[in-house]
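Okay, so subunit A shows up in both of these, paired with subunit B first and subunit C after.
And now, the complex of A and B:
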């Protein structure tokens, strides 16, 4: 524990140091410019394998106005947040990205969130003891969302990419998501579909897999875990539109770039860029999240106990 | 090039071409006639890619069962139990006496005990014959993905050898191999939480499942399962059913994220009352 704490502090310090450096693109340094991936039997660039996304780069560039306690749902100052603290999560120093933040656009490294959405987030995080809908979809074990599912969670960070004729599949270790992306040119689902993860349609642009995602519901969130700080639990609207780009730049690196626009939630489109690292020895474990979900019922039950205590104090 | 050489070359090329075609058509099992009903991948393996679904009511009950009313009076014929023929060889699951009693108790307490009611991961083989499609994605590499629409469940079948599973899980560990045109999947490391159907048929964590997927035509897989569990059964027993290729236009797996559908059931009593709740009407439940 102490060791982890020390490592965490060291990593945080390093993150601060890195933050002093001028912004650099989050692409893997030294990637061979002319490296070309092999092809799958049906001719797709081969991006298969087991990948992880450990990083100590903060999601956003830190700012004086930040209120980490609020983002962790710790409004009463008791230190009770939800999810792993960002500085205690499973990270690997050798996989640091050299960037001030994972948010690369706008150049400030700050997500242009509308004030109503921040208020909504604050309300939900402060009221998780009232109703399960105030938790993020991750804590409810529904989904970490798209693209949220690829943002670093701190643990359960394995992704297996498989490719078959006409499809790319991404198996997410966290909440056992198997996301199947058709790359056969078919159109999006009808507009009446409103999905937690939206509807993904991929195409190959040279060696880059470009995935267009639409048909979202308005119940999810672009980001669900504490490591995403201020953006965690910011609501998504049905107008959310996401474009992901997966480019394998060398044997061991996929550059993941994602453009996010939701005119009802953000004042401008914004982008995240981060690498995925090939880790052939990493084994994905089953994350039976809902089956073992004690956080939601225990939190709610704690809330009802508080209510009873408040009533008892009031009637005294 | 002289004409005689050209002619010879053409003849050679056409002989080679014919041989190649014959080779491609040949089933990997030596001495068997090539089966033109089996789609094949570039490396000659049966091509199982596609979206598949079991038809029938095995998920209600693996054994012979008559139709009967459902558990909610107000639902009438909706959610009534359809009749079905046994998918179990000999129409008998060879329970040890204590386990037969437990299955009966499970059946009587179906709604409170069936993991499906709570949207829990289904385990194997139940995932295969639930009333939802699943997709097989066969890669050019060593892994085959099976993704189920129900509860976003999935498993990756690793071809070849694998270390024993380090812990028991809901979906277990799947290790595959080809026997002729049959994909044989050895499933171990299953926990004792999953059921076989809505009739309380169950197993322990000692269960060992061997599945056999054999293409019989481009649209049909023969699905056979051998189930062994010395803690619960007196001998191994077998399931067999066809799996059908979904051929609906534009078919794809859709979201069936059922956690959202069971939160009220699981946590409803713990929600803070606001006075604004839409009340549930009282349904009349009766089971069995």
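And now, the complex of A and C:
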């Protein structure tokens, strides 16, 4: 009996271990087999509704080499500069997925970033008070990017999906972005078109919406918000290619996964998987923002105050 | 067996300890000085319910009787709403005490923290993890 108990405990422990591996989206794939989504009038699987992405699962598997204060733009290296506690975030309703990170491939849960891209990120984040060009497109209220705009940010976490004949539209609460995704089989724009968020083309693979995105410009970032830690402010190149997959696996869950490749920025392709939760009572709040509203001028004036203090110290 | 039992717990602890990092729209350190806390007693003149940050405007009477206007940066509207705030929480004329951190450029701006209402009730206008009503501890968050 003792042996059986030990075996049972070992099995359950193993189950927990397996569940902690960065291998599968939160909801069991089995749910998809047993649940059939309703259809829109033009025959698309219905993924409409208001969805949120609150999560307590870290973006990457933590590593002792991480410098979270640098990623958060801590200028004096004291650690206090990142703000009191979790500066301005919304932790309510967070959920822990069964993966140990949202990055599920490579199996290490670490994004394979080229050194030059990390150096550029470090420079820009450390010199954010010097020039507006060092801000991320998110801070300037231009875009959180694709796929970056759907990575959890901690607040402003609502997404409204609407479908019409031949189209899927996603309204992002953060930065008031609206993606219009044709699903009528049309080809990508010509290669001369280069866009901050690339050119999205969708198709239905069974009940999964597959969106292929290409034709990016090299101005944006693959991720912009601090919750993406090491990947924040990593640049995108014109070679960026993204494939998103949206699968509604039950009434209240969309499994979202995305494959990202950019041979000029990453040494290998990588993937993120996470659930979107249906939250019909959630209301998207207006996001009327231009150049950070007050954040950009206030940050730059903080830098000029720093410069004045440095000059005064130098003249003494 | 003990190892097997402890291992998943240790891994879970690692996940929880790692938490989700800070998610401010912009860098706190670039705009505010974590080494300069400030407590302001004043009267609300306006609350701006705007993204990416709400801004509370208060008039503060100094020791010399002179009234100085301050601006307090808060969380995003949806973050405050989920924390229990509503449009009447800080009506104009409300006497409040706000704790925060001063702007690096020395102007009368601060990043907000605890806000105390006349009845002693506390609301948290800025960050999480301080034990304010409706607030949850941030896993691994800095205190």
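To be clear about the criterion, the second predicted complex is superposed on the first by the 265 of 316 C-alpha atoms of A that agree within 3 Å, B and C clash if a C-alpha of one lies under 4 Å from a C-alpha of the other, contacts with A are read in each partner's own complex, and residues count from 1 in each chain.
The working rule: a contact is a pair of C-beta atoms (placed from the backbone, for glycine too) under 8 Å apart; a residue touches a chain by one contact, two chains touch by 3 or more.
Predicted model only: the values in this text are computed from it and were never measured.
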| item | value |
| --- | --- |
| First (subunit B), second (subunit C), both or neither touched by A:41 | first |
| First (subunit B), second (subunit C), both or neither touched by A:304 | both |
| Touched partner set for A:132, first subunit B, second subunit C, both or neither | first |
| More subunit A residues in contact - subunit B or subunit C | C |
| Touching partner for A:288 - first (subunit B), second (subunit C), both, neither | both |
| Partner chain(s) touched by A:100 [first = subunit B, second = subunit C, both, neither] | second |
| First (subunit B), second (subunit C), both or neither touched by A:148 | neither |
| Partner chain in contact with A:57 - subunit B first, subunit C second, else both or neither | second |
| First (subunit B), second (subunit C), both or neither touched by A:195 | first |
| Which of subunit B and subunit C A:171 touches, first, second, both or neither | first |
| Subunit B and subunit C contact sites that coincide on subunit A, given as residue numbers | 129, 141, 285-286, 288, 296, 301, 303-304 |
| Subunit A-touching residues of subunit C, taken from the complex the two chains share | 1, 4-5, 7-8, 11-12, 14-16, 18-32, 34-35, 50-53, 55, 73-79, 81-83, 101, 103-107, 109, 111, 113, 126-130, 134-136, 138-139, 141-143 |
| Contact set on subunit B toward subunit A in their complex | 41-43, 49, 119-121, 135, 137-141, 143, 145, 147, 151-154, 156, 167, 169-171, 193, 250, 252-255, 257, 259-260, 263, 266-267, 270-272 |
| Complex interface listing, subunit A residues touching subunit C | 6, 9-10, 13-14, 16-17, 20, 55-59, 62, 68, 71-76, 78-94, 96, 100, 125, 128-129, 135, 138-139, 141, 152-158, 173-174, 225-227, 229, 283, 285-289, 292-296, 298-299, 301-306 |
| Residues of subunit A that touch subunit B when the two form their complex | 40-42, 48, 129-132, 140-143, 160, 162-165, 167, 169, 171, 175-178, 180, 182, 186, 189, 193, 195-197, 219, 284-286, 288, 290-291, 296-297, 300-301, 303-304, 307 |
